[in-house]
Amino acid sequence: MNKVVANADEAVRDIPAGATLMLGGFGLCGIPENCIASLVKKGINNLTCISNNAGVDGFGIGLLLENKQVKKMISSYVGENAEFERQLLSGELEVELVPQGTLATRCMATGYGMPAVFLQAGYGTEVQEGKEVREFNGKHYLLEMAFDSDFAIVKAWKGDKMGNLVFKDTARNFNPLMAMAGKITIAEVEELVEPGEIDPNHIHTPGIYVHRIFQGKDYEKRIEQRTVRQRG
Amino acid sequence: MPLNKEQIAKRIAQELQDGFYVNLGIGIPTLVANYIPEGVNVVLQSENGLLGMGPFPFEGEEDADLINAGKQTITTLPGSSFFDSAMSFGMIRAGKVDLTVLGAMEVSENGDIANWKIPKKMVKGMGGAMDLVAAAKNIIVAMQHTNPKGESKLLPKCSLPLTGVNCVRKIVSDLGVFDVTADGFVCLEYAPGVTIEEIKAKTAGKLTIAADVKEMTV
Amino acid sequence: MNKVVANADEAVRDIPAGATLMLGGFGLCGIPENCIASLVKKGINNLTCISNNAGVDGFGIGLLLENKQVKKMISSYVGENAEFERQLLSGELEVELVPQGTLATRCMATGYGMPAVFLQAGYGTEVQEGKEVREFNGKHYLLEMAFDSDFAIVKAWKGDKMGNLVFKDTARNFNPLMAMAGKITIAEVEELVEPGEIDPNHIHTPGIYVHRIFQGKDYEKRIEQRTVRQRG
Amino acid sequence: MPLNKEQIAKRIAQELQDGFYVNLGIGIPTLVANYIPEGVNVVLQSENGLLGMGPFPFEGEEDADLINAGKQTITTLPGSSFFDSAMSFGMIRAGKVDLTVLGAMEVSENGDIANWKIPKKMVKGMGGAMDLVAAAKNIIVAMQHTNPKGESKLLPKCSLPLTGVNCVRKIVSDLGVFDVTADGFVCLEYAPGVTIEEIKAKTAGKLTIAADVKEMTV
């Protein structure tokens, strides 16, 4: 069993053009910076990206967009990116907007072997279009399908060589859900340790869900909205 | 005088009860956290995966791994917990969050809400708003009573694409406090200096004035 | 916000006869010993108990059975208990057998606000009887309903006064799932600490799911199958 | 000579591949762990919430909080992880467990399995067996070829209540190794000293002998 790869280039080596990728993160928090850089370098296009957001101009998935590698985004919020808007309005880019909780739960459903889930979000709105509606106990639910993704690319704080992952703070977000959902799951971590160095009770994603792991480098971890208070 | 944003937030803060778990949306709702009454302990939920959101960090102590749903740097408090996005919306759907406060572009007299999309404008996405309004057990909308053109945002029927149906229970606008009932909007309080006549004139949806209507205390 | 109660008696004070209870644990591992003792003392009967197992003679849920307090068990495996067998054969006790993964997932569904889930277990077997069957991608699934329970009673290793819980090793099992699923959730813990003493990244059950918490005492933590190897 | 239990386990262990995640049921399957070939690293899953099950603890080191699905005290290994029962069966359903080995009372020629219930006997419950057989991508059954009365347990159709349908892919019995195919049981190997005639006589379901059938190596 060897899940460790040398770097992001090796981790994404066989991702083909036209693949469906899940990319972890919320805004720019907890995004797989190294793998995104390698995907940009690799230049494969026609990607379908499932990710809560689409990065910003010049960072995160924004880099893939600028490089015209993305055919379709499946996201809940894409408002931070001018290039995204340009491509969308020009028809170069497709977008499927999914309520955030639905997006998260459809990832989890995949990882838990559930083909579909009933969720309330979007009932009575345009999100309902084309979906089965069902009533349980007087409330209405939409039948939402589990995602089918070729690769899931996530970023963790720590990981061990067996693929066990630990996330830090709100950088957890979609990462463990997507990690469960990839046919092949790639994890980049800030610190790669030996098996046994992480307390088995603290592991968020068991290694069984992770196929490739490497220690990333040069994390910028850009802050989108720097808000502070004054001392005193 | 219509309320300013801080006053709207302050009035909503009076709705908080000790022990409440609360989700505050972006904009005016965020300001509610500044006016939590003394002796009332609430836990703020941020739907990107945190219970127990604290204030902004001191300068120099920002952590890129610790943000709220508005992508702002924040802090934790003793007793905070982190979780993934599925659990976050799971607890919302299961009714564990006691109160959700969010903004709206339009609310209809039956409690429909529109706050995510304007036709012909760039669509940014619904984020977590549809999940929140579909499942929260108690939703208060914080909003201006009229749009910049002076048109009522409390309508018989929303004209914009909906975020959720029949879900808003209460509105605090710059003009007053309103319950949303089976019988339409019911004005419970009016802002200091605002007349019932002004409220009537600026409310397009069905409006009743509560028998015990009173001036708001803010 | 005060979730802390003095002891198990206070925690279960208002559980009425006829209530539906979830009880955490797998076998005798991670069971809420203190609350079970208080329920026995309280003597309320006609209980419906959702629990993976039914204890053993003289311990765990076995104590409630001996005291004739249980009307119905909803479990996946009940083979360790002679009194259980006697009551079942005599018709005093009802039992609903649920596949273990289905039992766990129906608890999770409740805690995640999902009214029902599609699961493969039991397709083509008697577990399917009376259930909707649906095909997704060529596989067959049963529609299984989320549980509706009045109280969930769980046992954690550590907890803080805001109700945050941490479980130890395989004593986690059903506990965090049931903790999410109770209309009122009661947690007994081996060690109750102040808020902030548990790393927020290590919390398994966020306090929002827990309504009452107390530090239990005199844990026996009986071992069902003591298996050891010789030092060599 | 028919195989003994250890030999059945030993033969199944030959099916293990490096990197496999494996769930071993109670009984003969548990013994498979004792015969994992050198150089093959597998991770054992215990469906009560553990990946990386280690050996029994040394006497005096038993921990009531650390048991396997058979309720036996066990240990962890470097790289072990704990999780709740929903995630445990989630990973099974999602096909992340490479191999499941379990016992059976009956297997039918189309791969149905019965191993949980005997009419008129006390029903103990299916535990996790139905979840495992419904979702595991690769199931090997470890069993005696015949019941104590000498009747075949490889049948045209199961007579006992089913645990799962059309799910068993391979059987290792005391008499041989069998694939379960669209064309029924296919004998791939026979136990040393066991004749094809004996296998034919003791197999009630449709049986084909593979052209390259060979003696088992254990």
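Points to keep in mind about this one:
By letter and in written order, the chains are A, B, C and D; residue numbering begins at 1 in each of them.
Please note the rule applied: a residue touches a chain if its C-beta (ideal position, glycine included) is under 8 Å from a C-beta of that chain, and two chains touch if they have at least 3 such contacts.
Since the model is a prediction, treat every value here as computed from it, not as a measurement.
Fewest steps needed to get from chain A to chain C, stepping only to touching chains, is 1.
For chain A, the chain whose average C-alpha position is most distant is D. A comparison of the A-D and C-D interfaces places the larger number of contacting C-beta pairs at C-D. For the pair chain A and chain D, the distance between mean C-alpha positions equals 36 Å. Note: centroid distance chain B to chain D, computed from Cα atoms, is 56 Å.
Here the spacing of chain A and chain B, counted between their Cα centres, is 28 Å.
Among the residues of chain B, those in touch with two or more other chains are 76, 82-83, 86, 89-90, 92-93, 135.
Along chain A, residues 105, 112-114, 119-120, 167-169, 172, 200-201 each make contact with two or more other chains. Remark: the chains found to touch one another pair up as A-B, A-C, A-D, B-C, C-D. Chain B meets chain A in the complex at residues 46-50, 55-68, 70-74, 76, 82-86, 88-90, 92-93, 112, 122-131, 134-135, 161-166.
On the chain A side of its complex with chain B, the touching residues are 26-30, 52, 75-79, 85, 88-89, 95, 97, 99-105, 107-108, 119-127, 157, 167-177, 204, 221-231. Interface residues of chain B facing chain C in the complex, by the touch rule stated above, are 18-19, 21, 41, 43, 45, 51-52, 76-83, 86-87, 89-97, 135. Those residues of chain C whose C-beta lies close enough to touch chain B in the complex are 1-2, 110-114, 160-162, 164, 180, 194-196, 200-201, 203, 206-209. Across the complex, chain C is touched by residues 105, 112-120, 136-137, 139, 141, 166-169, 172, 200-202 of chain A.
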